[in-house]
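Below: the structure, in structure tokens.
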């Protein structure tokens, strides 16, 4: 099921244009992924303890309107694809005060071995976590 | 003509995976764009003095291998599209020590009025700068 | 009255040592200041609308223990000095799970004109806001 | 001997005040330390390969004037104190175009074991590197 993270814009996230710098939004995507995984009962930390990392392999963003200092924004994330080797997420960032869509985007990730960065089969590495992800992915893709 | 910027990886650009955080590469793209514009005799600052800003409207990245602390990397940038309203760039980041390609990506930008953020016709706003960009874009697209 | 802000550590705030990079803590101080000012009924944005900015003129930090990825930390801030020209804050950052003190620090700020950066008399610029700050500062200094 | 690092201000280092955000300067200090250590023939990476890390234990900054986007700044660093357990540096950041001093500051560091973060005796851990530091520290303190 899609999950939403609330963020208040920090001063250092703005730039001399007076708006949030474009390289900040991928950080917010990451926070939303982190919360998504917590919301389904797991965590990145627990993956790392199991020797699994989930680096970003692809990222794309469309910037529609800028966020500003002290804006409350919400980042909604859902899974768009899941295999034992890869996972993909889609994101929508909106300004809470007026529901304007600010940024939409996608990220792709590979499940890798934390010490060698070699690809691994996540379904085998953490079978219970994988089946929870699979169940959520099905809901997300239907939404 | 494509232009190349050299960057030495800063410690704060790494994360707990021991490699450069994925949200840093868009910052390096921006540095390369800045240098490109300087290499052809202009600057962002001069655009801003003329009331023009060039916000990012789209961004995409493919992450192939991670950069590490203290790596020297080079970011090569070229123009892939230019109209009076928009400009697009493509980037290749390589590790200098072994010429491995680390990240490739693209960015799209709109020419806007610095005070209103409304779209503007850059060919009319700064005609000489536009014609220099046009000349470079032709070279870049042929490369 | 001292105010406390809760922060969950972001992945990009860590570095290759596996802990939060030392340049991140001043950002957390700033968030705590922002929340302090909100807690007493005002905001930085409102100061800026009134043509006042509050740049940092001095900063000091003692690092005792590192925060780690996904830690919940709390930043407690109080005013230590207030004049019509200047304000100073003190901060304590603790890890919520075990109450360990991680970082302590102080910041000094000048009230300046937002367009010229020239010093200004904040008691004259925003008298009601100044008197609220004065009341809070008295409580904080007694604590 | 004091060493100087040149830095060109990145767009993302500015904030909505139109100047460099105050939390960026500690990053520039770190770059200057890194270059200092390279200038005397060593590197952080080599320390880490020898199981030594050098976390920041204290930091202080005085902000005199702001740096702006695209400014070229120079960061001069020298050692102010050295023992087998600790090292301290002092920094001066100036704007290259007019030699204005922008920020001055100091940092304190402990030599620690990279795996346990326990204090270690650096003179014993890397005796040759320590004696080079000692020689440089003497010059710096006399300057």
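A few points about this structure:
All chains are identified by letter, namely A, B, C and D, in their written order; residue positions are counted from 1 within each chain.
The criterion applied here is as follows: a residue touches a chain if its C-beta (ideal position, glycine included) is under 8 Å from a C-beta of that chain, and two chains touch if they have at least 3 such contacts.
Note that the structure is predicted; figures quoted are calculated from it, not measured.
Looking at subunit C and subunit D, the chains that touch each of them are A, B.
When chain centres are set by their Cα atoms, the one at the greatest distance from subunit B is C. With centres set at the average Cα position, the gap from subunit B to subunit D is 29 Å. Rounded to a whole number, the gap between the C-alpha centres of subunit B and subunit C is 34 angstrom. The set of subunit D residues touching two or more other chains comprises 11-12, 19, 23, 27, 30, 69. Contact residues of subunit D toward subunit B in the complex are 10-12, 27, 30-31, 34, 43-45, 69-70.
Residues of subunit B touching subunit C in their complex: 11-12, 14-16, 18-19, 21, 23, 68-69.
On the subunit D side of its complex with subunit C, the touching residues are 17, 19, 22-24, 26-27, 30, 53, 55-63, 66, 117.
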